[in-house]
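Input: structures, listed below.
In the two assemblies presented below, subunit A is common to both, partnered first by subunit B and then by subunit C.
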Partner chain A sequence: MPEFFHRKLERSAIGFVLAIIAAASVGGIVEIAPLFTIDETVEEAPDMRVYTPLELSGRNIYVREGCYACHSQMIRTLRDEVERYGPYSLAVESQYDRPMLWGSKRTGPDLARVGGKYSDFWHVAHLINPRDVVPESNMPAYAFLARNRLRTDDLSGHLRAQRALGVPYTDEMIENAGRDAYGQAAPDSAAAPGVTERYGPATTVSAFDGVATQLTEMDALVAYLQVLGRLTDAAYRDTAAPEEAPDPAE
Partner chain B sequence: MAVNERDPVTGRETTGHEWNGIKELDTPVPRGVLMFLILTHIWAIAWWFFVPAWPIGTTYTKGLLGVDQQTTVEARIIEGQSERAPWADRVASEPYDSILADEGLMQTVRSAGDQLFGDNCAACHGRDARGRAGYPDLTDDDWLWGGEPETIEQTLRLGINAAHPESRIAQMPAFGRDQMLERTQVRDVAAYVFALSNPDYSTEETIDRIEAGREVFATSCAACHGDNAEGMAEIGAPNLADDRWVYGGDMETIIASVHGGRQGHMPTWDERMTDAEIRTLSLYVHDLAARQP
Partner chain C sequence: MNATDRMIGRLTSGERQAALILCGLTALSGAALGLAGRNDVVGWHGLLMLLFAGGFGFLLMTRLDMAEPTEDRGASYYDDPIKAGIVLAMAWAVFGMFMGVWVAAQLAWPDLHFDNGWSTFGRLRPTHTTGVIFGFGGNALIATSFHVVQRTSRARLAGQVSPWFVLLGYNLFCLLAVTGYLLGITQSKEYAEAEWYADLWLVVVWVTYFVLYLRTIARRREPHIYVANWYFMAFIVVVAILHIVNNLALPISWGHAKSYTIWPGVQDAMVQWWYGHNAVAFFLTAGFLGMLYYYLPVRAQRPIFSYRLSILSFWGITFFYMWAGSHHLHYTALPHWVQTLGMTFSVMLLVPSWASAGNALLTLNGAWHRVRDDATLRFMMAAAVFYGLSTFEGSFLAIRPVNALSHYTDWTVGHVHAGALGWVALITFGSLYTLVPTLWKRERMYSAALVEVHFWLSIAGTLIYVFAMWNSGIIQGLMWRTYTEDGALAYSFVDSLVAMYPYYIARAFGGLLFLIGAVVGCYNMWMTVRAVPQATSRTGDQPVAAAVPGE
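Moving on, here comes the complex of A and B:
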């Protein structure tokens, strides 16, 4: 009987196509569709902030240089990973990551919580030549980032595209994108206060590459690396990981 | 195309396809493979009942075993914490003096500290803790903020020029760039500082510059580095009279430091580590230096 059924199905072109589509969509129906209906798949994080324009530029450079090919941004629910890298990654932490950069390969370490772990000075030295600070490193050198001026004229467009994908950038943020990118890397400039005003007081305003007078791709990438894992403290609140919750009132 | 054609040799039906006279037998899947396939399907269906599997509207089947990645890893972490508790609790609560006196406990501190140091500190201070330009050597007896476990713990918790609200703050002003000193004064004071650790440098030729530098030092530098240039651990001002340097002790680097200033950065580890981990590292780093000949 089953043999007969399959024989018949194989001989009906349209019927067979429909059967393939039905079989292939099971994965999507079971794994993707529920994400839209089951609320607990994405945690609540009211303190979650969006990337600043400078951090978003850094993120674009991270994508452009293919950093995700060797670095993941996903701490898995495994004891050794939590003990080494910190609380496991939550879905909400990637809420504004479009596209997500979880990665699937670690030639280098996971970067999900690298923000604040090292100094800006270290990141710049490390990107210029990784061997200068980690002798056994096999990471390529990215010295040219410190020489490339950062393009800011198209930043409003990048923010608008992110908004179209659901990231809550305001009109004011979009309008001031270029200015904010400059201000975040020039702490003493007139553009600096606007950054913390729009993106929150916890936003780091710093001459990331050590030179406040010129905005480079190095500024952007270091600003991005320094914010990884710090857009929300949800992971510190919701898990039994050994780290204590950072207290902003402290 | 003949359907239901039977092959006379094997007695099996053919698929009905023919390529240049060659026909394909419609042989069924071997019984063993088929049984295996059926068993795995049964296993899969049974598994749906044991672990979280199917979405239903706004929720999903949780499974009879009640397993969940997050609670599993949290249980494993707590398990790890209780494995470490016999010594970690002691490190977290006992005074440093009594821990240092307990050789058995210190051996555990050394091996756990070595792991923690490798994961967190080695990127800047080096795997051997000897530092490099810009990152202090932790194995010597020269400390910016003090080398007792208590002061190391403070440095680890608060950081230096870090994001912590009570961060240790230390800044060497840019005396040259910000025009607090003339070019010649920068040169003179660098000569004076260089001569402190290089007595041979003081010759008849250079003595005038060194003496001029001494005066500049007394008015501009002594407030932080002390009258005899031996530094002040309370404010993280380095000792300039010895031959240990954070950024480098050659003339060019000294001039660069006076001209452009310095502001090192040590991150805060308060949020990243538990009390026991911070105290383990404080003991480890203190012990590194204490063990040096």
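Moving on, here comes the complex of A and C:
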């Protein structure tokens, strides 16, 4: 009789705790463990490149400022999303993302493919005061990013930690991390060619915030925003058609 | 003699020394972190730990030579940490809700961050969520769990120093978390934003909590473990598992605030929402059901309606919830089969959820006249109703096609607040209004009328909030997917944002009412302790006989 069994269970604190652990473990194990073994979880994308040190710094600023609270980076497999934002997001596109920034709320638009959609100049103006560019916007102003110098002394450490977790940064990349961050935002400097050499010719080298002489957090964030959705073109190849948004009322 | 003197005076000199050593170790860890991180923003957190632990160490040091306690401690419950926990819970409530009103207002009037970095929406929003969930909710849970476990086990807490370590250590974690966001220290993992060193600290605190709780239950003078304790145990154990797994991360160095989670991309998304949804389940549901199962029958003076329903709902919640997290990832790059499993279990969750809500409401049968007359009991009744409503809404929103509309919109925010305000906060206020007079041995709350005022402010605030977000969420979702006759998208994103402004103003107003209610509650509790005469002592509010040897 189940009730009798439960009366017995209620007499043992340790037994009860073990029962809780057993009952609570199943769901997570069944849903999480296979994600690491099933090949279909993450698609192949041989052309995928890693974030440059400057883009990674920009990503860390995005993380620090909590941008994910209002912007998603996950285009769902729904027709209206694909038409508004571009091809739906693939798992492989965030394979180097720690943490993932898929988000859960769109107070502002999705940013998964915002890279290349606007000019660097637009981004800088928008970040300094969003309402100068989009009068209806309720986004905070991030003018202080243009005043903050970007920290680069710890960038090698960042890349080393990423590599320890499985991101394929080379020794050369780690060694030159600080220099590459500077070079990517200073197109005419001696440090610039090394960036495309190490991270590929498709890497954008630009004075992102309009000032090549000083490396600011604005440079980094804009560099990151401009690479969103452009690390691989896997999403533009051989993917299934998006779904029609279902109508719950039907 | 002030309260600090009295509380420290109840510790033996040996216990005071042990507490001082704990403060010293914590201060040393803080100093080490501060030194290692002197070139990084984490240095400030080292200093904060040092000052926090140093402050309590100073309080102890100046009282080391106080007289030994004379009372027979085995003959009474240990209520001092509970009192402190209630004060902290209410302080965090006011802080967290204030931050909520502020960020809500920023969405309507974006200039309210006054051009500072620290006060932008992205940094303040986690101070609101951490402040209310972990600050207010967590302190309320620790305090009530200490109260409930002693009364239902008829045994004193199994320690004099460890309850303080749990309570104060936990508040140190909350402080590290909240100040960190303002400084720009965050993992940007929703509801798990605190960085690696704060997370490690919480593990130490939480393991102590678990051991203390289990040892207290092991001392019980009742053959059976009461149902409220099942929930508190599930809360403690599962939150530990979730917290550890989700926060596994590699720091840049020992002197650097930044870490990278070991989970990449899609796996991180699954782990994060397995954590996120079960933080709702085991922090915001299980723990508060523990409260409900004790304070509701006590206040209604009725036994729980059904023991079988309690068993069904407990194991249903413990088993089903852990599968449900993937419903946060419908139509994303997460494999389809995981989404389907998440949806299925989310729908099944309605059974144990409504079993709990029904069990609570049926317990009130025969006591409805009390619900009418007593706002405290009405708080708990309303909480059970909101629990039933928001769990229904949760199962509904987890259905894939519904989620296609609701996800990414304010509907989710409205749903969360129906649960957080309507269920979590209301059951907490009801429990605290029951607990405060009992604990401070007062005849009653200072003002029944103010409890009534608080109740109606809370209900009005919650309803305004939730209705505003339902409207804005559904409008937003529909605008995003509306097509013109030529088959083009009808609205730009900005069009949908413009349509939100009236609702954002209404939401901030609803939140403000709720905040005012909490402030009224604080005043009422304060005056209860200050101005209400002592109750004649209650019989039976003490542990059963036999002091445990060595205590």
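Everything below uses one rule, namely that the second predicted complex is superposed on the first by the 238 of 250 C-alpha atoms of A that agree within 3 Å, B and C clash if a C-alpha of one lies under 4 Å from a C-alpha of the other, contacts with A are read in each partner's own complex, and residues count from 1 in each chain.
The rule is short, and it goes like this: contacts are C-beta pairs under 8 Å (C-beta built on N, C-alpha and C of every residue); 3 or more make two chains touch, one makes a residue touch a chain.
What you see is a predicted model; the values in this text were computed from it and never measured.
Novice: Between subunit B (first) and subunit C (second), which, if any, makes contact with A:27: first, second, both or neither?
Specialist: The answer is second: A:27 touches subunit C but not subunit B.
Novice: For A:84, decide between first (touching subunit B), second (touching subunit C), both and neither.
Specialist: Touch partners of A:84: subunit B and subunit C.
Novice: State whether A:204 touches subunit B only (first), subunit C only (second), both chains, or neither.
Specialist: first
Novice: Using the superposition described at the top, determine whether subunit B or subunit C touches more residues of subunit A.
Specialist: Greater contact footprint in residues on subunit A: C.
Novice: Tell me the contact category for A:119 with respect to subunit B and subunit C: first, second, both or neither.
Specialist: The answer is first: A:119 touches subunit B but not subunit C.
Novice: In the overlay, answer first, second, both or neither for which of subunit B and subunit C A:139 touches.
Specialist: Only subunit C; A:139 stays clear of subunit B.
Novice: Between subunit B (first) and subunit C (second), which does A:104 come into contact with in this model arrangement: first, second, both, or neither?
Specialist: Only subunit C is touched by A:104; subunit B is not.
Novice: Classify the contacts of A:214 with the two partner chains as first (subunit B alone), second (subunit C alone), both, or neither.
Specialist: neither
Novice: Answer with first, second, both or neither: which of subunit B and subunit C does A:196 touch in the superposed model?
Specialist: In the superposition, A:196 contacts neither subunit B nor subunit C.
Novice: Which subunit A residues lie in the overlap of the subunit B contact set and the subunit C contact set?
Specialist: Of subunit A, residues 3, 30, 38, 77-78, 83-84, 88, 134, 243, 245-246 contact subunit B in one complex and subunit C in the other.
Novice: For subunit B, which residues count as touching subunit A in their complex?
Specialist: By the definition above, subunit B touches subunit A via 28, 54-55, 57-60, 69-70, 72-74, 76-81, 119-120, 123-124, 132, 134-135, 163, 165, 264-268, 270-274, 277.
Novice: Which part of subunit A faces subunit C closely enough to touch in the complex?
Specialist: Touch list, subunit A to subunit C: 2-3, 6-7, 10-11, 13-14, 16-17, 20-21, 23-28, 30-32, 35-36, 38, 40-42, 60, 62-70, 72, 74, 76-78, 80-81, 83-84, 88-110, 130-131, 134, 136-144, 154, 157-158, 161-162, 164-166, 243, 245-248.
Novice: For subunit C, which residues count as touching subunit A in their complex?
Specialist: Those in contact with subunit A are residues 40, 106-108, 110, 113, 115-117, 120-123, 125-126, 181, 184-190, 193, 214, 217-218, 223-225, 230, 233-234, 237-238, 241, 245, 250-253, 256, 258-272, 274, 307-308, 311, 315, 318-326, 328-335, 338, 341-342, 345, 399-402, 404-405, 407-410, 412-413, 480-481, 483, 489, 493-494, 497-498, 501, 504.
Novice: Of all residues in subunit A, which touch subunit B in the complex?
Specialist: It is residues 3, 30, 33-34, 37-39, 77-79, 82-84, 86, 88, 116-122, 125-126, 132-134, 204, 236, 239-246, 250 of subunit A that touch subunit B.
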